[in-house]
Each structure stands twice: as C-alpha cells, then as structure tokens.
Amino acid sequence: MTYIASDTEAMLEGDDNERAFVETKRQHPLSGFWRTPKSRVGLIIFAAFVLLAIVGPMVAPFNPNALTDDLLQPPSLKHIFGTTLTGQDVFSQFLVGARSVMVVGLIAGTVATLLGVIVGINAALFPGFADEFLSALANVFLVIPALPLIILIAGFIPNGGGWITVSLVISVTGWAWGSRVIRAQTLSLRNRDFVQAARATGKSTSSLIVFEIFPNLVPIIAGGFVGTVNFAILSMVSLSFIGIGSSSDWNWGTILFWAQGQQALSQGAWWWFVPPGLAIAILGMGLTLITLGIDEFVNPKLRAGGLDLKALKRAKVRSRVGYTAVLPEKGRS
Amino acid sequence: MKYIARRIIFYLITAWAAITINFLLPRLLPGDPVQALLLRFKGQISEQATQSLYVLFGLDKSQSLWSQYISYWVQLFRGDLGLSFTFFPTPVSQVIGQSLPWTLVLVGVSTVIGFALGTAAGVIAGWRRGGWTERLIPVTSFFSSIPYFWLALLLISIFAVNLHWFSDAGGYDILTDPGWNLDFILSAAYHGILPALTIVISSFAGWMLGMRNMMVTVTSEDYVVVAHAKGLSERTVNFAYAARNAILPSVSGFALSLGFIVGGTLLTEMVFSYPGIGYTMFQAVQAKDYPLMQGMFLVITFAVLFANLVADMVYVFLDPRTRSEV
Amino acid sequence: MNDARSEDPVLEIKNLCVSYGTGSGEVRALENITVTLNRGEVLGLAGESGSGKSTLVYGATRLLSPPGIVTSGEVLYHPPTGGEAVAILRVDDDKLRQLRWNDIAIVFQGSMNSLSPVFRIERQLTDVIAKHRPASSRIERSTRARELLKMVGIPQDRLIAYPHQLSGGMRQRVMIAMAMALNPDVVIMDEPTTALDVVMQRQILQEILRLRSKLNFSVIFITHDVSLLIELADRIAIMYAGRIVEEGPAQDLYRNPQHPYTYGLLNSFPSLHGERKEIVGIPGSPPDLQNMPSGCPFTPRCPFAFEACHKSMPPLTGSDQFPREAHVVACHLHSADSARVPIELSSPRVRGSV
C-alpha cells in the first residue's frame, strides 16, 4: 500500500496551536526542502526516471515487438535484461515502456490535482450548499475502492483506449484525496489573521485567492500531486497487468502481463519480471520520499533538525521528550 | 451517536452513487457487446434471464432512462444481478457468493495483521527518534511502493518455485473435499500464506509510516510533557498517552487505506489464481463478462462501506470527543 | 551579613545555561541564571513572551522538549527532611521520576492540550498516585481524586468527564488539583491564569493562596502580568532576553523598581485608584535571541540608556541603594555612580512623594 499522508489533516487541525519553536537561522523556505536528504534523494530518483522516459525509446537497441531467435535468454551483453519467450528484448521493452508510464502518471496526476484544487478551494471559500455537495462528492469517491472502479470503467471501453483515456479514468478516481486536504488547509487559512486583514482592506475574493491563500497552499498541493502521480502510475501498471488497456502499447505493466501469461515464473525467467517491478518500486519510493520531505516541510515538528544528533551522540547524551539532554560537566562545576 | 448516524447516511449515499454509476456505465460508453453475447446464447437463456439482462444493460430502447433506472433498482432489490457469461448459465450472485468468502478471509486476516504489526512498528519508530529508526524510513518507503502483484510474483518465485515451501497457485489442494473438514481448512490455510504475506508486507509500510509521523506529532503535545512531568514511566507515557492518541488518525484514515488494500488484494489473487473475487474479476475482464464485472464492483463497494462503518464504530469507541452530545 | 537568600532554600538554580539546538544553529535561551526558591515562599517570575521564564523552569526540571538542551549549570533540590540535596540535572532517570510530582509538581496551563483527550479526569488524577504510591488501592485513589476535586471546588460528577467537556476555568482547576495529588514540596505554576478572564483569574488566585496556606508548599509562579505578582509573591524576579534583570522582595520591587524594564512593566497597567496617569508601556519588541546585540539587551528599548549600555552586559548585583543582596539589579545605571540614577528608578526617599 502506498504511504498516504492521511495524518496531514490531523496536522492541519493542530496548526494554530503553535508552541514556541525556535527556528534556526533564517533561510529561504525552499532550501529547507532541498536540504532534507529524503527529498533530495526522492527528487534525484524522479528526475532520473523522467530522463529515462524522454530518452528511453530513442536509445532502445531493439524494437520491443521484434521477435528474435534468442528465446528466453538470461541477461547478457546483447540483451541487458534478457529476452522473453518469443525472443523479444526485455530491455527495449523496458525503455520504451518508461515513457508511457511517466506520461500517464504525470497527466493523470496533473488533471487529478487540478480537479482537486478547484474543488478544494471552492468548497472552502464558498461555504453552504456547494461546499456540502462537493465535500460529499469527494468523500464518495474516496470511499469507493479505486482499482475496482477503474477496472470497471476501463473494461467498458472498447480496446481499453489509449493512454489518454486511461489517464482520464485514473484522474476521475484519484482527485478526491487531494481536494480534501486542500479544503482543510484553505479553511484553516481563511480564518488566519492575514487573510482577515486582507479582506478588511477590501481586497476582492479573486485576488485574495491568488495572492494570499494560494502561496500557502503550494506545499500541500505539491504533496498531493506527488502522491497522485504515485497512485496513477500504480493504477496504470495494474490495469495493463490485468490486460486492460492496449496490450500492444508497451509499458511496464504490459511486460509483466506477458511475463505472467507466458509462465515466466515457473520457468525461472526472473529477468523478465524483476526489472519492471523493481523500477516501479524505486520510482514509487522516490515519490514517497518527496512526499515525506514535503510533510516535514509543512510540519516542522517532523524535522529532526535543530539538534546536531551526532555531536550529542559523541557526548553520550540522548535528547528525549520529557528528559532534556544535559551536557556533561567539563571538569568540576 | 450522531456521528455514527451521519456516517451511515453517508455510506447509504455512497452506495446509491455506486449503484448509479453501475447503471450509467453501460449506457454511456460505446460498444454493445451484451447484444452480441445474447445472440450467441440465444435459446439457452430463459425468458426471465433475458429480461433481467435487458434491465441491467438498458437494451430495451423503448423505455425511458428514468423507468430503466427504476427497473434496475427493483431488480437489484430482488438480488438479481444477471447471468454470468463466463460461467454461463450461473447467476452472477452465485458466482460472487462462492468467491466472496475466500477474499473476505484473506483480506480480513491480512489487514488485521498488517495493521497491528505496522502500527506497533510505527509506535516504536516514533518513540525512539533519531538513530536507526530514521534510516528505516527509505527502506519502508521502498516497500510501501512495491506493487502488490509484483511482490506476489517475487514471493512465488522465491518461495514456491525455488524453495518449494509454499504452493504457487490455487486456494486449496484440489484433491481435498471443500467443506468444513480439517484437511480442507489446513490446505486452504497453507495456500493462503503467500497471498496473505504479500498483502501484509505491502500494507505494513504504509501503516508504519503513518503511525510514526503521528507519534512524532503527538509526542510534542503538551499532555505528553505533562505525563512525563508526573513521573510516569516512559513506557506508560508512550503507550497510554502518546500511542493511544496517535492511533486515532490511522483508524479514521482506514477508509482510504482499505480501498487501496482491496485493490491490491484483487491483484494478488490474480497472480496466485486464488479463488476469490479478484481472480474471478480477472476472468470476467478477460471474457468481457459485464454482468459479472458490474456485480462484483457493487459487492466489493458494499463490503468496503461496511468495513468502514465498523472502523467508524471503533473510532467512536476510541475517541470520546465524537461521543459528546455537546 | 543578613542575607535573605540563605534562609532555607528548597530549590537552588545555579548558573543555568540553556540553548535550543547545538552547533551553528544554537540559540542561547538562558544565560547563567542563578535564582533560589526558599521554603514556604512564593517566587514570582515575570517577563514578556520569549524572556525565558518557562524555559527556566522546564530546563531546571529537565522537561524541556528537544531541541532544548541544558548546556551547563546545577539545580539542587533540598528535601524537607533535611536529607542530601538532589542534583536534578545529574540524577538518573529513575530517581528523577521518583522526584517528579512527588516533590516537585507543575501546574501547566489548563489549555485543551494539557490533558489527554481520551482519558477521563479521574484516570488522569489517579494514575500519578498509582505510580508513586503503588501500595494504594483503587478505592483509596478514587477517594483521593474526590478530595482533590473538592479542594479546588469542582463538582464530583466531573470525575467521569472528559477534558473536552470542561470549561477553561475548570480545566485549570483540574491542573491545580492534579498538582496537589501527592502533596508536593514545590509547586511550579506556569501561567495558570493567562488564558482566563479576570474574574476567573481572581478566583483561581484565591484558590492557590488558600491551598498554599493549608498545605504549605513553596511556589514558583510564572506570568507575564507583573500586577498579579505584587499581591501574590514574596519575591519577584524579572526576566528579559534570557537573563534575570532584577530580583527582590515584591513590595520593594513595586515601590522602588530599579531596572528600567521593571519600571516599564509596572507602569504598563492602569491602577484602579489614584490619579490618572498616562500609560507608557514599553516601545519596541523583545530582541531576537539569534541576533543579540553586545552589551545590555534592553538597550534599544531603554529610555535611560547611555554609552556603557552598548558595551558590556551589566552584572546582577545589589546597588548603592540596597547594598544587601536582598534586592539586586542588572543595570549600568546602578552599578555606576548613583548620580546617574534617574528619578523614576530612585528610592522613595529620594523621590519624596508616593
């Protein structure tokens, strides 16, 4: 199960109750994000895959559909990821497949996030029936299990549709979570002093939204976007694995579909199914790390910062809640 | 109790939405495979069955959309979900009835174990901040991102094919008689271990990360400091004060997680050919068995809604603030 | 020398230094604080937000949350039986836990967050008894819980209530009752009335005084409102930017404030009687602890600042006016020759009136 920051809402509720947390030196806010090793690693992984998606199909050594005589070969110099039962080069399939996966993931992520933002902001800023209705709608979509719904919808589309259709289907099921978090944050912001102040000076609602509220929503939206992309990629791969979606259009799920169908397991052809799955896992991990990084950024309590833990460890001093660390005496006090 | 009442109303609305989606889908999307299949099986289907399929898929163009909708509801209430094409002429409800228990047991057991282990791990990780627990996070992120079905493939490859410790397919040894006899139960349990393991491993990381983050947030709350100031033992503070409060969002977030886990379970079943709803769904998709697909979607959704209701009741039990009549 | 400090100390804080964070990001929150609580007295700690008053007591009892860290100093607790003093900062965890609540208890602010939302009041009152008096029975503990509620004037039916069902005033009383549970020697009160309205404030303060005369504990009372302390405290310590800038008997401080900051604080609230004065207040805001100016930290806001103020930190000592160490102040105006002392900060004798 992908990690979902379901506690984000709980965090937001506690937002106004800030204790005196003394920040370290003033820095550009985003630099804190980059500094976290989690986010850095996550971003690097993500960038690597984006690169793969762009470059992949161009550098594939073989046509992924091409049948050769090297049947079910383990990895070699010629076929880096080995071959399939029909002699197709797994590595080429992998490279070509990267693009579909990333494209669908990003499109679905973008559309879903957009929907979530629109619904979330509207629901929070225009209370009343609209809010009730939209929130109910979001909750309905949240509770209905996503994958069965996606399978159902996609199953009705003849030939599974191209990647655009798949992206749309995934967006329709995946927008709800982001909208809920955004709504919670917008509500909390709406009552903050600076918004009240802006309102008092007569600013129009739209400029309020754009200049006051939106900048504070960016980290939450970013977190939601990353999470949704993760969800989209997993859903898309799952769909292809089942056989929905065009099976001639290469993506990592399709590779696994064929691997499963052609008994790769019982024949011990590990090279066939390990790389695609591993890639999905690594990409997912990268995205999760980014989400965690954003979580820490939004909720400073999660940061381990402030204390140089290594220095304390050297001094054999542990810093715990309830037992403040005390530096050892230097000589007699 | 107002809280539970509100939740029930919400679930009823969601159920209604699911049913309506089911109703609208075949009518909105292009293609008319049902007709074709009806023609193929003509003569083998009873008049009654044909009629029910008409109602389900809106094949009677003479009726208005609204009256079709009413007929649909009436039929659902009678429990008639149509006939399955793949398992012709078995009614859909029967097919589902046979596969549902397998899935329920699998998901039920795995989710409970995964939740228990993951939450416990999260408590420990949140408690002992810094040091080795922080380094665990990338590892758990990795594990939480592994697609269920790939993990299933991996486990089969390692444990079933190579080590021959567990079976690689099926829900039970076909040589045993299904029924409440020990042989069968043991065999079912044996076959269920790898699928269950898949689900537990995949969901564990998600629970753990969520719980850990919540523990970190909670330990900085005032009441935890107060508990320490009272001189209570660290264990008491961490479990009775911190964890007890930190677990609440995990329970309330159960809804989101369950949808995910169900999806993952379906995929796992497909890989293992485990005779539950997932595998049957897989077969339905392959065969374009629309009545079955639709029926399963409804049943799965209702089951998830029910599980959510149970989770809500647990939440009310845990959090006195929801019980307030104030 | 009749040193008021050597009466009978129950809690001695010596040269306490507390920082937030370590290394390059270190913020020094407390600089060399030395203050003593004598047995049976009420010591008031006053100052603005961020002055370090809460940091002081939490640092001294090791309850400061990370990244807070005690960098040096000593805190001694003297048990009433006259046994060996306990070095709070150095003892092991077990001994610390024994000491906590039993000997030194804290009345936290009665906000929503100070009580665990999922436990009933009775449980939160009795779990500490169960821990420190393991031999007690459930009935004994329950009885004690009832006693405690009665002590602070809360109806008995509130025992089975949850924190969110109580009003702010009631929650604060619960916090007080909770602190009394084990009859501690020292009670530290961290802004117990800040979140309450004036009427409730009065009630709570009276409650506290009553309990004190009955149970005889020593008190450290933290507040940003000096006016409360005038009536309540025996001695008052004024804190600014992590340092004690003035300390002395409450009445002395009130009648004859020596530090410009104290003077500003005292004149920031209107008096109900006497002639109408112009409220002065103190312009400016507390300094950024990460960017402390050299010299006295109050200089930018001080109406009486002169050259010496920018150069060095004034030591906390008795002044010409009060050579005995009963009333000390950290201000160059007083450590230099008495000609510098402005009329506002001079002794009543010099001022003539009032």
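In order of appearance the chains are A, B and C, and numbering begins at 1 in each one.
By our rule, contacts are C-beta pairs under 8 Å (C-beta built on N, C-alpha and C of every residue); 3 or more make two chains touch, one makes a residue touch a chain.
Computed from a prediction, not measured in an experiment: that's the story for all the values here.
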| item | value |
| --- | --- |
| Closest chain to global C-alpha mean, per-chain Cα centroids | A |
| Winner on C-beta contact pairs when A-B is weighed against B-C | A-B |
| Centroid spacing, where centroids are CA-atom means, of subunit A and subunit C in whole angstrom | 48 |
| Geometric centre distance via CA averages, subunit B-subunit A, whole Å | 22 |
| Between subunit B and subunit C, centroid-to-centroid distance (C-alpha), Å | 55 |
| Contacts with two or more other chains, residues of subunit A listed in rising order | 319, 321-323 |
| In subunit C, residues with contacts to at least two other chains | 63, 65, 93, 96, 111, 113 |
| Two or more partner chains touched - positions in subunit B | 220, 222, 225, 227-229, 234 |
| Partner subunit C, residues of subunit B touching it in the complex | 220-223, 225-234, 236, 240-241, 244-245, 318-321, 324, 326 |
| Complex contacts: residues of subunit A adjacent to subunit C | 17, 20, 22, 24-25, 305-308, 311-312, 317, 319-327, 329-330, 333 |
| In the complex, subunit A residues that touch subunit B | 1-7, 9-11, 14, 19, 38, 41, 136, 139-140, 142-149, 151-153, 155-158, 177, 230, 234, 237-238, 241-244, 256, 259-260, 265-266, 268, 270, 273-274, 276-277, 280-285, 287-289, 292, 295, 299, 301-302, 304, 309, 319, 321-323 |
| Residues on subunit B engaged by subunit A in the complex (per definition of touch) | 10-11, 13-14, 17-18, 21-22, 25-26, 29-31, 129-131, 134, 137-138, 140-142, 144-147, 149-151, 153-154, 156-157, 161-162, 168, 202-203, 205-207, 209-210, 213-214, 216-217, 219-220, 222, 224-225, 227-229, 234, 237, 248-250, 252-253, 255-264, 266-267, 270-271, 281-282, 285-286, 288, 290, 293-294, 296-297, 300-301, 304-305, 308 |
| Of subunit C, residues touching subunit A in the complex | 15, 20-25, 27, 29, 49-50, 58-59, 62-74, 89-90, 93, 96, 111, 113, 289-290 |
